[in-house]
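What follows is subunit A paired twice: with subunit B in the first complex and subunit C in the second.
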Partner chain A sequence: MAVSYWRERDRYYRILGSKCQNCSAEFFPPLYRCRKCGSDKLSDHEMPQEGQILAYTLLRDPMTGFEDHDPMPIALIELNNGVRIVAQLADTPIDQITVGSKVRAVFRRVRVNGPNGQIFYGYKFAIKNEKVNLTR
Partner chain B sequence: MKRVIIAGAGLTKVGDHWNKSILDLAVDAATAALKDAGIATPDQIIIGNMFSGFSSSQESLGAMAADALRLWGVPAFKVESSGASGSMALHVADSLVKSGQANSALVIGVEKMRDLEPSEAARATSLGESSEYVQFFGISQTALGALITQLYMQEYEVTRDELSCFPVIAHKNAVTSEHAQFRKAVSIADVSRSMPVSDPLRLLDCAPVGDGAAAVVLSNDDGMVKDPAIEIAASAASTDSANFYQRDDMLEFMATRRAVTKALSLAGISVRDIDFAEINDSYSAVAGLSVEALGLSKMGEGARDARDGKFDIKGKVPISTYGGLKGRGNPVGATGIYQIVEAYHQLVGKAKANQVVDAKIGLTHNMGGIDSAAVVHILRRIS
Partner chain C sequence: MRASSKVGIAGYGAYVPTFRLPTNEIARVWKGGGQGPNVEKSVASIDEDTVTMAVEAARSALRMAGLSDVGAVFVGTESKPYAVKPSSTIVAQALGFHKVLAADFEFACKAGTEAIQVITGLVGSGMVGGGVAIAVDTAQGRPGDDLEYTAASGAAAFVLANNGNDSVARIESSVSYVTDTGDFWRRQEEKFPKHLSRFTGEPAYFHHTQSSVKMLLEEMKLKPQDFKYAVFHQPNPRFPVEVAQRLGFTQAW
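Let's look at the complex of A and B:
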């Protein structure tokens, strides 16, 4: 997993997706052919860090490696450029999660390869708190 | 092109087979199907299976099955297409037998799930989702099923109790289904109040984890035709965006819609001619979205049609007649073949308490992921 993680680091750290050079459509995850116009001229493009929740769930049936995330809050988010992403929610009391909540990307630990193994990081999202802004 | 008939069928009960390996299950179903067909040596063996490498550290299932059945020399391989593996295996076999490339084929759907711990079973059933962007973050297929369920309920104002009508139908039919995993009726309240698994999904919204194998033998030999004979009138497969949330309309199952449109055209019938449908009711909302994409309900009306009795065994279009994925069980790669065996039993009139009266045309619908891949078959009684 270490190599595949390294390969994807910009995707996980910066939400680096694709932008079509022909029709300007934006995508995440990155892709090979533009979903809108079919062009294969795509360049790397960072996604906006903010969006809103379209749907959410509390997963109580975690996969191996995520047993300590029970429940795991997961949301379907529409970023401010219209791109939809499914991601874990972090830093957010479960009772504050609602459809329509504004969220922002945060950089968090995603998983750990055993007690002495590699630690993998990536994006998660947190409900935007207007009073305290922890990002950047 | 030759006419393809189902010459024989066999299956195992779905559930806990602690004393059976994946190969044991495959051999049990295959032996029953070959015996039923009266064919000793098929021209081809195709296995539908999703994750034998993960669950049983066993690949090369084709050669393994040929060896176990003492059918050395018969070409054999495995077809994988996530939850649609079984029906995709049949799709490939149908085209070989229809073209005459093979005159007969043994198709086995098999999955071994109960050797896995629950958290490993969740990983196994999520292997068809993006490794980098879904699995990496611990997002399981159940979580994706939950998100689309919430969208479905919001968009069409489907109530919790309306959604529960799908598992109620499935379990009611499973009571008299001898091979079903859960032969127990449940009420709307049982479903709506069952344990939350991934809100708003509850335990009884979700197809269970179980072991099982089912097999059919296809033939293009008109001399094999029994009375009544059942033909594969159409076999059609399609795909859509791997991630449902990247579709323009997240609540339209286009892979299913494309597959059913093609299948109806191939069979030369309209959806109104369908006497019953074995649908991919892996989650309650997926059942609703499936009947809508299949054209059995208007968009957003699937759950209310279920509530109003349209899909009951004596309703206008019975679904999940032996319990569906929810009640019969969902041994993933085997499910598509269970559906075919069940449709076959309906059409030959051997469904006993589960019989759909005067069933002449049956449809089966199987999907991988959240409609990333879909396969539709139409079976027809021809004598």
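Let's look at the complex of A and C:
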């Protein structure tokens, strides 16, 4: 995992995608050829840091290494440029997640390889509602 | 210590984690009830550490500053995720900076201030156009120790650049006063820090704060009455109020 993650760290750290220099279409994850016009002239492009939840699910039995995150909310998010992205939601009580909620990107630990291994960082999203009740 | 050209704060950002721990809950666990000196403290989420909080604060500061000419990213903390591997390079990568000086600063409470002082020198000498100084901690208190009430999590970032009309504030001067005082430490491999309680007040906090403030006032030929506001290091509610009174800052809140 470490090598592939290292190669793609800007994608995970900054939500770095692609923008077509011919038709201005934006993509995430980054592409080598534009899906809209077929041009191979794409440049690195940072995605907007905000969007809204289109759909979500709760993983009640997360994969090995993510047991502490049970239940893990995963959302399909439409960013403000129309690009869709799948991401884990952070800091949000599960009964307060709703379709249509506005979200913003946050920088978090994504995976930790045990007590001695590397820590992998990347984007997650958090609901922007300042009235989210965390006191219960 | 004054830079040869004026340096200003172009932007600042802060990050405090979402979650809170009421101090009466800490008192309930260790003492069967009661209240801490403060109502609550912020605690990092399960997927947060000093690197993630530093990135959040720095992004906020950079948005405010609107500065692209950044030549240094320094992170000051006592709670690094890695004993060997700098936090500052992870932060720089997340901010999209590569042609920068990156370093971690070590101290119990003064690491972020050191980062500000070094970047002030770098910007003031013209070596870099601007820099980001970040102070961040997920401070630890040994279970049952009084520090548990106040050792919390948070980050503050300052973007420093040549002083201009857009600067939030100008850095006139700074000083540093250090001694080897065995007040607070955490050995390699240890999870929690230790402190010698009777050293924390007089030999540590008061001696160093009073000495450095007197140095600064002498250097700038100013006196406490010349200042409208003075902010001191706040390890607990009592120390900053008392040191302000000792130094002659007569109104203290």
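Note that in this section the second predicted complex is superposed on the first by the 129 of 136 C-alpha atoms of A that agree within 3 Å, B and C clash if a C-alpha of one lies under 4 Å from a C-alpha of the other, contacts with A are read in each partner's own complex, and residues count from 1 in each chain.
Criterion: a contact is a pair of C-beta atoms (placed from the backbone, for glycine too) under 8 Å apart; a residue touches a chain by one contact, two chains touch by 3 or more.
Not measured: the values here are computed from a predicted model.
Q: If subunit A is used to align the two complexes, do subunit B and subunit C fit next to each other or clash?
A: They fit side by side.
Q: Identify which of subunit B and subunit C touches the larger number of residues of subunit A.
A: B
Q: Touch test for A:Cys23: subunit B only (first), subunit C only (second), both, or neither?
A: A:Cys23 sits against neither subunit B nor subunit C.
Q: Quick check for you: in the superposed arrangement, does A:Leu76 touch first (subunit B), second (subunit C), both or neither?
A: Touch partner of A:Leu76: subunit B, not subunit C.
Q: Tell me the contact category for A:Ile119 with respect to subunit B and subunit C: first, second, both or neither.
A: Only subunit C; A:Ile119 stays clear of subunit B.
Q: With the two complexes superposed on chain A, say which partner A:Val110 touches: subunit B (first), subunit C (second), both, or neither.
A: So A:Val110 meets both subunit B and subunit C here.
Q: In the overlay, answer first, second, both or neither for which of subunit B and subunit C A:Thr64 touches.
A: In the superposed model, A:Thr64 contacts subunit B only, not subunit C.
Q: In the combined three-chain arrangement, what's the angle at subunit A toward subunit B and subunit C (CA centres, steps of 10°)?
A: After fitting both complexes on chain A, the angle is 150 degrees.
Q: For A:Arg14, select first, second, both or neither according to whether it touches subunit B, subunit C, the two together, or no partner.
A: Only subunit C is touched by A:Arg14; subunit B is not.
Q: May I ask you to decide whether A:Val86 touches subunit B, subunit C, both, or neither, giving the answer as first, second, both or neither?
A: first
Q: Would you give the minimum C-alpha distance from subunit B to subunit C, in Å, for the three-chain superposition?
A: Nearest C-alpha pair, subunit B versus subunit C: 12 Å apart.
Q: What part of subunit A is shared between its subunit B contacts and its subunit C contacts?
A: Residues 69, 110 of subunit A touch both subunit B and subunit C.
Q: Where on subunit A does subunit C make contact in their complex?
A: Per the touch definition, subunit A meets subunit C at residues 9-10, 13-14, 46, 68-69, 90-91, 106-110, 119, 121, 124, 126, 132, 134-135.
Q: How about subunit A: which of its residues touch subunit B in the complex?
A: Where subunit A meets subunit B, its residues are 4-5, 8, 11-12, 27, 29, 35, 54-67, 69, 72, 74-76, 84-88, 99, 110-111, 120, 122.
Q: Can you check the complex and tell me which residues of subunit C touch subunit A?
A: Listed in rising order, the residues of subunit C that touch subunit A are 18-20, 45-49, 51-52, 55-56, 59, 81-82, 90, 93-94, 96.
Q: What does subunit B use to touch subunit A in their complex?
A: 117-120, 122-123, 126, 130-140, 142-144, 146-148, 150-151, 154, 196-201, 241, 243, 245-246
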